[in-house]
Amino acid sequence: MEEKNVFVRYLNWPVLAVALFAYTTAQAQQVPVPPKMVPEMTEFWEPEPRVVTPGMGMAPPSDALILFDGKSLSQWKAKGGGGDAGWQVKDGSFTVGKGDITTKQEFGDFQLHIEWSAPDKVEGTSQGRGNSGIFLQDRYEVQVLDSYNNRTYSNGQAGSIYKQHRPLVNAMRKPTEWNIYDIIYTAPRFKDDGTLFTPARVTVLHNGVLVQNNVEIKGPTEYIGLPEYKAHGKAPISLQDHGNPVAYRNIWIREL
Amino acid sequence: MEEKNVFVRYLNWPVLAVALFAYTTAQAQQVPVPPKMVPEMTEFWEPEPRVVTPGMGMAPPSDALILFDGKSLSQWKAKGGGGDAGWQVKDGSFTVGKGDITTKQEFGDFQLHIEWSAPDKVEGTSQGRGNSGIFLQDRYEVQVLDSYNNRTYSNGQAGSIYKQHRPLVNAMRKPTEWNIYDIIYTAPRFKDDGTLFTPARVTVLHNGVLVQNNVEIKGPTEYIGLPEYKAHGKAPISLQDHGNPVAYRNIWIREL
Amino acid sequence: MEEKNVFVRYLNWPVLAVALFAYTTAQAQQVPVPPKMVPEMTEFWEPEPRVVTPGMGMAPPSDALILFDGKSLSQWKAKGGGGDAGWQVKDGSFTVGKGDITTKQEFGDFQLHIEWSAPDKVEGTSQGRGNSGIFLQDRYEVQVLDSYNNRTYSNGQAGSIYKQHRPLVNAMRKPTEWNIYDIIYTAPRFKDDGTLFTPARVTVLHNGVLVQNNVEIKGPTEYIGLPEYKAHGKAPISLQDHGNPVAYRNIWIREL
Amino acid sequence: MEEKNVFVRYLNWPVLAVALFAYTTAQAQQVPVPPKMVPEMTEFWEPEPRVVTPGMGMAPPSDALILFDGKSLSQWKAKGGGGDAGWQVKDGSFTVGKGDITTKQEFGDFQLHIEWSAPDKVEGTSQGRGNSGIFLQDRYEVQVLDSYNNRTYSNGQAGSIYKQHRPLVNAMRKPTEWNIYDIIYTAPRFKDDGTLFTPARVTVLHNGVLVQNNVEIKGPTEYIGLPEYKAHGKAPISLQDHGNPVAYRNIWIREL
């Protein structure tokens, strides 16, 4: 492609001079060398990024949706029936109760901050100790487990994408201490015929330590067998009742 | 997710029954259906992720290399000549002095934590206010600038990949407050003939807020003109002297 | 690879023996080893790929939409006004005439086969010789140019993504001979807010030789300045009138 | 980053005029608008793509390494022992004989052209009919099978990445006719510690019809169980003896 009357449109001497310079250089070097740009040509003022006031420490930034503020589960409901989320809130956190819970709102791509604590009383082994889970878009599980001195299969320990990707390292804190997950999630995209276009991707920081580096999620989490994508749109965040009294607090999300 | 009685579950008749069921279904449907797997087939115990003790708050995890501990610039040297890094350390931080400085060690892929503060005394405008920069592998700049109520070109404000990617949002803290960058960096790879195989990629959290989401770096940072990759191996982290007394503290890095 | 006696193999003792072996090994090694799968667990019969009858030589496969069959430009219209495509058809090909033309139908992802010939009479130099272009989704140009013994800028010669990616090699045939482009195109995807999610990608074979290997398109083709994506949906294929009598023939497309 | 004495270096009136224009525009619009570039700024003459003379029809381009020219298996050896490739050459093609064969040379990324024909005499069903395979880098199998009216599991038919990706469509020709694979292969890359950096990717055209579109290979082809990458460097192309007299001809490769 080459636009023919291009010089006419913005014709002025400076431009011609630059072009002449380029031409002269080219003659000397046999092939033309692109004329030098000026700095402003790679400086783009619009759009201006909107201002977000970050929170201090782990506090939510100003544009976050608070999914749990220490007081109420009003952003959550019971999974399945859709009744109230029946888990117990106490002292600024809540503890896994009967049945999974799920957010009332649905999300696509997002940044999620969530804190959790394995039960103070250490019981069980392997998958039986402090087990819960955070299901991104209700399908893709970031494992929650007491992985402090508790060996299990690597792709099932805390920080794993359950049965898909083991964490890069085990950054687990002791029971009685709070763990933090900072999760950057890109939803999968599907073609019009329902087949996968791009898989979901996720980055996870566990207590500030990178444990998943933009890994491709292989499909919905399966306890048995191989995952397989099925087309879906926005979907909620769900928390799993695995029978262990794992506690959660300070949950916020920013849609991307 | 669940896991109990590991080997008991598939060392018995139920498994055979499942297989039989699959076989029967297949006959009915004309095409075979894959037999059901058992949970253990997707449970991988090796390798075991190594244990890292996370720091509390922004403190370094146990496997981090401390690039600045509040006391000395012993991990740094002057850029160019290679003499000592002459910037002044005081009260747990150091301030930009004469000439760029660079780490003595070189890095490939990494997670980098670095805190910085724009000058308390607000002077200058646009690129003239609180300007410095963090050069990943000595080439790819994450911009440092006082972007608190200080408009400049979007791809040149704090949190930008300078002149390449504007930040998703402006998460800048006020002068006198400390800013935090958490950076996840994947180095570019080159083919044997020196051409680019995969570009560098970077994720940046600014004060805990996502500002760069695994973006592709287009090449070495250029003030004038278009970036172009040139093959290189491991390389240091450099900090820029742009004539403004920006302060830095609490710098650590984990190679990935 | 092998597959015989499908269900016999795992409906019997050997499978149990394998499982037992895994269990024993696990005991010895302290950590469990995943039990061995059977071959059928990774054999998926559904969905069955539909049958396409390939053409002989460069002839269209049975599922292709024929965009030019040697006889009529009925699949094309004039760009802009939307009147008939006024280019002249003769002897099984057509020649660039007045004004660009564009397909009546719009496309997303596709495989495109198109043949073209630079003018028999060699005139002009650089961009002035045998210049035309194929605009994928009406925006992204695969350059058409007589690049046989005709030096121009590398990212503007035949097989280039115009002003974005030079071809890997120059696989141009002589004037009087026909050139073939086989193009595999993945459309860009956009987020709901109109920003880019994934860039367009393209693979181009020029006379059977790879010249573009799944490169990322940077945005709509620009003669002046840097490309920038704007959200769009399905769009037609357009052919450029650059004032040179380039000929085209045998054009077919398969939506992906 | 901002270079301070930048204007001094190439100071001349034209540039200043351009900058002034930008500044003036900016004043009017409140924020600066990047000055317009000139076309030559995005025209890059170096490096110049080298010239390759394409073959007519399926004939090799001038820069291809001919792996089989119709006469001799001199580019191949027996797999394992390393003796001569014992398969029989006749009438310009060769037929699968005893034991796999492998190229003497090793390859990284490449474009491979290979033609094959299922046995004229149709025998067996499913995986038992006309079965062979092309192992890219001796590990990753593009399936060869008589898939003309021969149902098998989708991820095991002709054009599949065996047990990993079914072909997009079934573009198989009848026995007695020759099939063509055009394969574009990008080798996996590994980190220094042997873990995977980027998986292998492959595009396959079967008789000119796209059947694999730059898919990620999951690891070495496994008949039983899940694939898992192990670090490796350049490696040969291998052809599989699966007991069926599949014929091959016209094989050439271009390293990328």
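Couple of notes before you dig in:
A, B, C and D are the chain letters, set down in written order, and residue numbers restart from 1 in every chain.
FYI, a residue touches a chain if its C-beta (ideal position, glycine included) is under 8 Å from a C-beta of that chain, and two chains touch if they have at least 3 such contacts.
In this text the structure is predicted, and so the values were computed from the model without any measurement.
Of all chains in the assembly, those touching chain A and also chain B are C, D. Traced through touching neighbours, the fewest hops from chain B to chain C number 1.
Counting the residue numbers that touch the partner chain, chain A and chain D have more than half of them in common. Taking each chain's centre as the mean of its C-alpha atoms, chain B lies 32 Å from chain D. Centroids built from CA atoms put chain D at 15 Å from chain C. Counting partner chains per residue, chain B has residues 31-32, 37-38, 41-46, 151, 153, 156, 163, 223-224, 226 touching two or more of them. Because contacts link each chain to all the remaining chains, their graph is best described as complete.
Against chain A, in their complex, chain C makes its touches with residues 31-32, 42, 108-109, 127, 131, 133, 141, 143, 151, 153, 156, 162-163, 189, 191-192, 197-198, 221, 223-224, 226, 240, 242-243. Residues 2-3, 6, 10, 12-15, 17-19, 21-22, 31-46 of chain A are the ones that touch chain D when the two sit in their complex. In the complex of the two chains, the chain B residues touching chain A come out as 1-4, 36-39, 41-55, 57-58, 61, 63, 111, 113, 151-157, 159, 163, 166-173, 182, 184, 186, 201, 203, 205-210, 213-214, 222-226, 254, 256.
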